[in-house]
Amino acid sequence: MFDEYLARRYRTTTRPKKEHYLVKDSAAIVGIGATEFSKDSGRSELQMVCEAVKAAVDDAGLQMEEIDGFVRFEMDYTDEMHICSSLGIPKLTYFAECGWGGGASCSTIVHAAAAIAAGVAECIVCYRGMNEASGRRYGRIPGTPSIMTAPRDHFGSILPFGHCTPPGWVAMFASRYLHEFDATAEDLAWVSVVCREHANRNPNAIFYDRPLTVQECVEARMIIEPLRLYDCCVDTDGAVAIIVASAEKAKKLKQKPAYIVGATQGNATEGELMTSYYRPVISGLPEAWYTGQELWRVTGAIPSDVNVAQFYDAFSPLIPMQLEEYGFCDRGKGMDFCRGGDRIRLGGELPCNTSGSHLSEAYLHGMNLIAEAVRQIRGTSTAQVKNAELSLVTGGLGIPTSAILLRN
Amino acid sequence: MAIDSIKDKAAIVGIGVVDFSTDIGRTEWYTACQAIKLAAEEAGVNIDDIDGMVKSVDDGPDPTYTGKGLGIDNLLYHSENHWGTSAMMNAVHAVAGGLCNYCVYYQTAHRASGPEKCISDFLVAREFRDDSLDMVRYDYFSPFGLIGEPGYVAMMYRRYMHETGIKPEQLGWVPIVASENAARNTNAIFFDKSITIDDYMQSKLIADPIRELDCAPKVDGSIAIVITTPERAKALKQEPVIINSVASGYALEGQNYTSYTRDVITDLPEMENMAKELYRVGGMGPKDIKVAMLDDTFAPYVPMQLEALGFCGKGEAPAFIEGGDKIRVGGQLPVNPDGGEIGQGRFITTRIVEAVRQIRGTSTNQVANTDTVLVASGAGGPADGMICRKE
Amino acid sequence: MSVEYNADQKIPHPAMWGVLYKSSTPFWDGVKEKRVMLQRCKSCGYWLNPPRPMCPKCRSQESEWVAAKGTGKIYSWVTFNESPHSAFKTPYEAVLVELDEGPRIVSNVVGINSDELEIGMPVEVTFEDVAEDLTLPKFKKVG
Amino acid sequence: MVMEYNPKIPTLRPYIDPDNQGFWDGVREHRLVIQKCKDCGLVIHRPRPMCPRCLSTEREWTPSMGKGVIYAYVNVIYQNAGYPGIKAPYSVVVVEITEGVRILANLYDIEPEGVRIGTPVEICFDDIADDLTLPKFKRLNS
């Protein structure tokens, strides 16, 4: 009954040639800076972003004048002009934006690496600052729909039905995923428990001092069926800044560079802002599948080479779904991969979300995951994986997404 | 294996223009898909081969919606940029860096008939913005009635008149030349014959010293541009227009149109920084440019750009534009032969379309043997520019 | 001439939006106490106008709010013949005043009609209660 | 269980533009209509300007019986995670109708606890306000 054109087809003919992919090994992440993660920062997002950028510049051992590029989230409320006026950055030769909320996390690195590979800039700052906990919470009620007509038409098709918050949007995918692979709430609980274990080793995490058991997860308050309280990420006030520099410059700087082997984006048709319920199958994430296929193609790596992964986990079902889409296990086997938590725990086959990530450390639209991936390569993580050579980070789900692969 | 510069690493192979009007009667999603379909047909590129989409943030539906409307699956690269046509830089990086084969830059804006568009204009409720640039305007300017872009530009232009002594009769030549060129351009709907200096002087002073004719009128329209590498462009239908270089410019204490806190507020430091980078990467100078497509959303920015981009010395711009002879087609430096935004309505991508037509030789107002064209956008705020040349 | 307002319309004012941690709050608190407050970097004295969390020159985060004397010169002005907001009756002027301390702020004039206005004209601040919850700093001729 | 709307917080209205005008006009007249491409006959929901398969802009609205099964559902339990104007708990469902398209809507007469994937349902229309009619799904032949 569904037309074959809608079936998932992976474009094999007109891909760019592998050797034309200049981003490989031409840029590296040299600096990470973050503010504290809290429930009430007591200051403006602009101030937190300035602090994060300053911390990242000091971490990299750079001078503020050496920054000549900025990449921001389209959703971010702080403009790079205002930040540069506060930090005294005299000259920018590159400034870009990435749309789609969490999906933009790794695509900020895609833009930065592409600009550096094209020789347009040397040091580019990617940042995200949010007062989600104390200020305005995204998705409480989207308020006035944004002014571009296509999303207005989209908001207009869901808001009248009270379907107006991200937990609801992702719960619709999860309801289908749990149904098709007959998984239970207890399976989901293992994902949150493992993330919390890792957060209990990370003093920066919001839930650093609060352990979590599977029993607590299963009996937690129901938010939007089938998602319970601990299946949802922790709203946070905070800011993270990441500095990407060219490979030659990275060698001369203070920290051990995390070289960018590949940085790709993915976008599938019939898509909407987290409500793409009109595809033949909605228990999968085609955007993540396309991103993964392109990532493995241009980097030449295969999923089993990856030593540590930071999956975007705004909600717990997204981790098993991504394990399938990025090729770590077969379709529908994501839950079995996570059951018991042994394979995704530190020391397991593929340690995931080693900083506690969105479920337990902080929800900063994926930028705190990139910071953790860089720490794994540097060997300074609180849940350090032994000889971590390849570190994967993925972007937001339900929307066009992105992913990056880092190496030492 | 980075490359040292993006000189001549991309080419424009197709342009699609949807009819400009003041009441287009279709949604932006409709005209965006239409423009991309036209551009792909003109370039001879199959719609399914398009694997990259870039756009300006304010104008048009997101790449996902446009991809959904056109049935394009698996976009490898998508990006949006806030300021002017700086998204073209992302397209050039994506194509040059091998991230995608065919990247489409599209802009769709229905400012005349559509909902209030301008994000930074006060009319759009902004209650959720935190401490960002636009909040500065609402905290410090709006209680005193300084609202709307004509007002912001007028505050700066008053100071420019004081410091350079430019007369309204001199600035009037920018809209006059624009109306002459627009009269010959079928896509420009706001002038069917040239205006005179008296028409300009009688134009209403909406925000003294800015007149109504100094501002680009609102228009509905949609444009798409297909970009790919010069090698791949050889196999396509149209004669490729090589992108010699692309650059963006920024300067300290900058704001969009309201940089009042600088020592000198009557020049465009962003445009100067962009021009230095543009000429350095492209290996060109102001002398090599045959046609200049300048940002004339507001007329006072045209003389300021002539100085910032090095086409004339500091303070010489008022004399340069007086009489209009130097900036007419056939003059020393033809400016906006298609009538610019004052003639066609506020739509920044019309400059790139005209640059492509000038180089292909298919413009309604063709300048003889044009081989290099400079396009500049974002006057008054973060600037971006591009130089394209014949193959 | 000074600005006239349409009674039924609400004058746009930052307090209208419940946005937390705004950097302009000290300015408007100062206006309530009939003083023009300006932000300055504690370590190098660079005027942070518009206010911001960090000083671009020395990048220190310590800043202080100082009361300006309130005298300055007209740096530029706009006469609105077409009103961009329903609260303002046309024609009215918005002026950019360069305070003697250096920074420039946007304001309105009181008791100066448009043909008297010229660049460099000395002015001094006066406070006008334009609405029950809103006082605005405006500028009038010196003396 | 009929959903309770709080009049003090009005329900947000759908955004009607030339592309989805036909669908919402049909809803106001208590008819479910789906967009169909005149050239290649592709039936597709969430109305859009162009047929994604043959890129023609000629389209028409075909009436639909509105019979189908619940394909996926969510039950909003925690009031803050839902719309304050609608009293929780309420459910939002994606129904796959026989024409092969899916529609997002609320349920009319099924309690949130009783919602199952696969339950047969049919369309009905709820006039919430004089300018707002929303499609909903109720149990088949009930």
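Observations on the structure shown:
Letters are used for the chains, namely A, B, C and D, taken in the order the chains are written, and counting of residues starts over at 1 for each.
By definition in this document, a residue touches a chain if its C-beta (ideal position, glycine included) is under 8 Å from a C-beta of that chain, and two chains touch if they have at least 3 such contacts.
Computed from a prediction, not measured in an experiment: that's the story for all the values here.
Shared contact partners of chain A and chain B, listed by label: C, D.
Of all the chains, the one whose CA centre sits at the greatest distance from that of chain B is D.
For the pairs B-C and B-D, the larger set of C-beta contacts lies at B-C. The distance from the centre of chain B to the centre of chain C, each centre being the mean of the chain's C-alpha atoms, comes to 33 Å.
With centres defined as mean CA coordinates, chain D is found 42 Å away from chain B. Centre to centre, using the average C-alpha position, chain C and chain D are separated by 51 Å. Averaging C-alpha coordinates per chain places the centre of chain A 42 Å away from that of chain C.
Among the residues of chain D, those touching two or more other chains are numbered 17, 19, 52-53.
Among the residues of chain B, those touching two or more other chains are numbered 27, 29, 68, 71, 127-131, 136, 252-253. Shared interface positions of chain C, i.e. residues touching 2 or more other chains, are given as 19-23, 56. Looking at which chains touch one another, you get A-B, A-C, A-D, B-C, B-D. In the complex of the two chains, the chain C residues touching chain B come out as 3, 11-14, 16-24, 27-28, 49-50, 56, 75-85, 87-88, 92, 94, 96, 103-108, 114, 119, 134, 136. The part of chain D that touches chain B in the complex is made up of residues 17-19, 48-50, 52-53, 55, 57. Residue ranges on chain A touching chain D, taken from their complex, read 1-3, 5, 140-141, 145, 149, 152-153, 155-165, 167-168, 171-173, 175-176, 179, 221-226, 269-270, 272, 275, 277-278, 282.
Every residue of chain D that touches chain A in the complex is listed here, in rising order: 11-17, 19-20, 42, 44-46, 52-53, 71-78, 80-86, 90, 92, 94, 100-102, 104-106, 112, 117, 132, 134.
Remark: chain A residues 41-44, 46-47, 50-51, 54, 64, 82, 84-89, 131, 134-135 touch chain C in the complex.
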